[in-house]
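Heads up, the next two complexes both have chain A, just with different partners, chain B and then chain C.
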Partner chain A sequence: MADAGVEALTTFEQLLAGGLLAGLVFALVAVGLTLVYGVMDVVNFAHGEFLMLAMYATLGLALVGIGPLVGLPLVAIALFLFGVVIYRVFIRRLLAGPPEATVFGTFGLLVLLQGLAQSLFTGDFQSVPHPPFQGTLRLGAVALSQATLVEGIGALVLTGALFAFVEYTETGRAMRAVAEDRVAATLMGIDVQRVNALAFGIGAACVGAAGALLMLSFPVFPTAGASFALTAFVVVALGGFGSIQGALVAALLVGMLEVLGGYYLAPELKMVPVYVAYLAIVLLRPQGLLGRR
Partner chain B sequence: MRWHLLALGAIVVLGAAAAFGLRDAVTLDLFFTLLLYAVLGQSWNWISGYAGNISFGHAIFFGCGAYASALCVTHGLSPWLAIPAGALVAALLALVTGFPTLALRGHYFSIATIAVAALVDAFVRTQPWLGRANGFELPIQSGWAALQFPDKGPYVLLALALFAIVQLATIALERSRLGYYLRALRANHAAAASVGIDERRWKLIAFAWSATMAAAAGVLYAQYTLFVDPPSTIALAISIDIALIGVVGGIGTLWGPAAGALVYVVLAKGVALRIGGTGKGYDLVIYGAIICLIAAWKPHGIVGTVVDALRRRRGAADIPPGATGTA
Partner chain C sequence: MSAVAARGAPPALLEIDALSVAYDGMRALQDVSLRAEAGTIVALIGANGAGKTSLLRAISGLVRAQAGTIRFDGDDITRMPAHRIVKRGIAHVPEGRRVFASATVSDNLLLGAYVDRDSAHRTARLESAFAAFPILRERLEQRASTLSGGEQQMLAIARGTMSGPRLLMLDEPSLGIAPLLIPQIYACIRGIAAGGTTVLLVEQNVHAALGAADTAYVLQTGRVVLHGAARDLIGDPLVQEAFLGISAV
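Here is the complex of A and B:
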C-alpha cells in the first residue's frame, strides 16, 4: 500500500517536472508573441512558422557540423533579421489597413511559409544527426531527459534575458511606452516604426532561439511549428494579451496541464484540460490572468 | 438589390446549365467544392463578418451536418432527415457555446472558438457512437431518396440550390433589423448598447442561423464524399479554410464569400492541379501569396474593394474606404 502511494507521488512529481520544463519552452515562444501584440496590437499567426523556419535553419547548420547550441545565437540573429525585414516590407503595410488585415495577412504568411517548406524540404520528418544530451539525469526520485532539461533551462535563461531587456534598457522602455500609448510615445520623440520593427524582430528571435533548442529532441517538418504556436496563442490569451508576466504564469500552467492531461486522460487528449482552463478563466476574467481591459 | 437578385439568377441558370451539360468529373468537382465553400464562407460571414466576432471554430457546425448525415444513413434513416437534425444540433451548439463566449472581445473570442472546437473534436474522438477517430464510411446507394448519385451533376444542382438559399437569406439579412443591429454592434458595441440593442440576443440569433447553414453544407458534403471523420469535417484546418475564404473575398459583404471561394478553389486548387498536383505545397504557396497580397494591398477584400470603388464613382466621396458593407 505504502509503496503504491510513493509510486503515485513519484509519478506526479515526474509529470510536474516534465510539465514545468515544457512550460518554460512555451514561455519563450509565447513571450515573443505577446511582445509583438503588446507593442503593435498584432497577433502574428505565422509565429509558429517562424519557429519552423528556425528549426530548419538549425538542421541546416547541424548538417554542416554546427550543433544546435552553438548554432542557437546564429539562428536567433537570422530570425531577428528575418523578422525586421518582414515587418518593414509587409506588417507595416497591414497596420495601415483595417484590424482584420493583420489577422489574415499573417495567416497568409503562415500558409505561404508552410507551402514553401513543403516544396523546398518535402513533408518528411527530419532530425539533427547525432544530437547531444542523449542521457537521462536523476534528481532524487525524478528522472529527466538531458535534452528536455537543457531546453527548459535554456528557455528560462533566454526568457529572463528578454524580460530584463524590456524592463531595464532604454529600448525596452521605449517599447513599453509604445505599448502603453502610441501617440504619446511619438510625441516624446520615440520612433514608433523603429520600435515596431525591433519588437517584431525580437519576437522572431525568441522563436529562433526556441527552434534551436527544440531541435535537441524534436524532428522538424513543414507544420512542426503549428502545434507549438497554437499552444502559445492559448498561453498569450490566458495570460492576457500583451502581458509578459501573464504569459510566463500561463505558460507554466499550460505546460503542466498538458503533461498531466496527456498522462491521466490520453496522449491525444492532452490539450483538453488546457482548453477547459482557458474557457473557465476567460469567462471569469475576460481580459485573461494579468491582462488589461 | 435588383442587381444582386439578377446576378444570383444568372449564376443559378449558368450553374444549372453546367450541371446538366458538363460531363467532366474534375470540372464538376471544382464547381461543387466552389459552391460548398461559398456557402460555408457566407455562414461564417454572418457571425464573423456582419457581427464582427472572428471565429476559428466554424467547422464544428459543418461537422454537425456531416455527422448527422453519417448517423442517419448508418442507422437506416433517410439522409433528408439529417438536414433538419444536423441544423438543429448545430443551432443548439451555437447557442450553448455562444451564450458565454460571444461577450468576449476580439482575440479572446477567437481563441475561445479554437478551444470549443478542439473540445468538440476531442469529444468526437472518444465516442464510439460517433466513430471515434476512424469516422464513418457511408454505404453506397443511389437516387434522390438516398441523396446519392452516380454522377456529380445532381450534387452540383443541390449545392447550387443551397448557395442560392444562403445568398437570398443574406440579402434579407442586409435589409433586416438583425442585419442593421449586427453592423451597429460591430462598428461600436458600446454605442449600440446605449441605444438599447441587446448584444447577446442578436448575436446569438445570428450565430444560430450561421450554424444552421454550415450544417446543411455538412450534410451535402457527407453525401458527396461518403466519408466522414474528424480531420475532414471538424478539424482546425477546415475552420481556418472557412475563415480565410470569408476574409479574402471581403468580410461583411454579400458576394465576398463567393469571391473568396473562387480564389481558393480556382486559383489555389485549380492551378495546383495543372502544375503538378497537391502534396508538393505549390497550392499553399500560391494561395498564401494571394492572401498576403490582398491583405497588404486590398485589405477590404476583393468585393469590399469593388464596392468601395463603385460607391466612390457614384459620388459618395465622403464615405471612407471600407465603411461600405463592412462597418
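Here is the complex of A and C:
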C-alpha cells in the first residue's frame, strides 16, 4: 500500500519534470509568436512552418557534420534574416491592407512552405544522424533523457534572453513603445517599419533556435512544425496575447497538462486537459493569464 | 496670405508656405502659411475642427501635405518620414498626451530621448524635466497609467523635451487638466522657450495661450484668418468669436 503510494508519487514527479521541460520548448516557440503579435498585431500562421524550415536547416547542417548545438546559432541567424526578408517583401504590404489580409496572407505562406518542403524534402520522417545527448540522467527517482534536458534548459536560457532584451535594452524599449502606440512611437523618432522587421526577424529566430534544439529528439517532416505551432497558439492565447511572461507561464502549464493528460487519460487524449484549461481560462479571463486590457 | 515669408526677412526656424492637407477627401488645411521665429512661443487658436491638430500632424510628418512646403531651419522637410523629422529637432506632444501607459515614467522619458543616446544630454534633460515637474522624479518607477491626468500631461511635455528639440509642438496642454495645474504647465512652457526652444502651441484655452505666446495665428475651417502679436489679438473681435465658438461646445 505504502509502496504503491511512493510509486505513484515518483511517477507524478517524473511526469511533472517531463512536462516542465516540454513546456520550456513550447515557451520558446510561443514567445516568437507573441512578440510578433504584440509589436504589429499580426498572428503569423506560418510560425510552425518557420520552425519546420529551421528543423530542415539543422538536419542539413548535421549532414555536413555540424551538430544541432553548434548549428543552433547559425540556424537562428538564418531564420532571423529569413524573417526580416519575409517582413520587408510580404508582411509589410499586408499590413497596408485590411486587418484580415495578414490572416490570409500568413496562412497562404503556411501552405506554400509546407508544399515546398513536401516537394523538396519528400514527406519522409528524417532525423539527425548520430544525435548527441542520448543518455539518461537520474535525479533521485526521476530519470530524464539528456536530450530533453538540453532542449528544456536551452529553451529557458533563450526565452530569458529574449525577455531581457525586450525589457532592458534601448531597442527592446522601442519595441514595447511600438507595441503600445505606434503613432506615439513614431513621434519619439522610432522607425516603426524597422522595429517591425526586427521583431519579425527575432520571432523567426526564436523558432530557428527551437528547431535546432528539437532536432535533438524529434524527426522532421513537412508538417512537423504544425503541431508545435498549434500548441504555441494555445499558449499565446492562454498567457495573454503579446505577453512574454504570460507565454512562459502558460507554456509550462500546457506542457504539464499535456504530459499528465497523456499518462492519466490516454496518450491520444493528451491535448484534452490543455484545451479544457484553455476554454476555462478564456471564458473566465478572456485577456489570458497575464494579458492586458 | 502666402506672402508671410516676406521678401528680405531673415529665414525663421519654421516656415510654412501655402500648405494644404486633406484626409479621405475632406480638406483639413488650405493654403496655410506660418512663421515661427527661434525662441518664441507661437499660439494656434481656433474652434474644434479648424485644422490646428492637422497642422501639427503635417509638420511632424504624420500626415502628408497635398501642396505647399514646410521648411525647418532652412531645409525642406515636407516629404521627410516622421521619425526622421524628430531627429531633425522637432518634438510633437500629441493631443490626448499618448504616454506609454504600461511603461514606467522612466521608460517614457527615455523613449523621448530615443533619437539622442548621449548619456550626458539625457542626464541634463532629465534634471531640467525634474526641475520643472518634481512629481515626475517621485513617480519614476511607476507605470504611466497610474498617474493622474495632470501628471500624465507633465510627463508628455517632459518626454517631448527629452530629445532636445529646437521646436516643441504642444497640442492642448491644458485640456482635461485640473485648473490649479495649468499655471505650472504654462510656467514650464515659458521656461522651455526662455531656454531657446521654439514652442508651437495649440490651445482651446485662448486666454492661457495668448497670455503666454509672442505671436498667434487664428485658424477657421482650415485657413489662417488672422495672425499677429499675441497681445494685439486678445481684444480682436474675430478672436472673441473663435473663443466664444469654443466655449459654446
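Going forward, the second predicted complex is superposed on the first by the 293 of 293 C-alpha atoms of A that agree within 3 Å, B and C clash if a C-alpha of one lies under 4 Å from a C-alpha of the other, contacts with A are read in each partner's own complex, and residues count from 1 in each chain.
Following the convention adopted for this analysis, a residue touches a chain if its C-beta (ideal position, glycine included) is under 8 Å from a C-beta of that chain, and two chains touch if they have at least 3 such contacts.
Keep in mind the model is a prediction, meaning the values are calculated, not measured.
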item	value
Larger contact residue set on chain A - chain B or chain C	B
Touching partner for A:Ile190 - first (chain B), second (chain C), both, neither	second
Contacts of A:Ala117 with chain B and chain C, given as first, second, both or neither	first
Partner chain in contact with A:Phe228 - chain B first, chain C second, else both or neither	neither
Touched partner set for A:Phe90, first chain B, second chain C, both or neither	first
Partner chain(s) touched by A:Arg173 [first = chain B, second = chain C, both, neither]	second
First (chain B), second (chain C), both or neither touched by A:Phe80	neither
First (chain B), second (chain C), both or neither touched by A:Asp181	second
Residue ranges of chain A touching chain C (in the complex, touch as defined)	170, 173-174, 176-177, 180-181, 183-192, 292
Parts of chain B lying in touch with chain A, wherever the complex brings them together	54, 100-101, 103-105, 107-108, 111-112, 114-116, 118-119, 122, 125-126, 133, 236, 240, 243-244, 247-248, 251, 279-292, 294-297, 299-300, 322, 326
Residues of chain A touching chain B in the complex	43, 90, 93-94, 96-98, 100-105, 107-119, 123, 222, 230, 233-234, 237, 241, 266, 268-269, 271-272, 275-276, 278-279, 282-283, 286-288
Parts of chain C lying in touch with chain A, wherever the complex brings them together	60, 62, 81-84, 86-87, 91-92, 94, 98-103, 107, 110-112, 114-115, 117, 159, 163
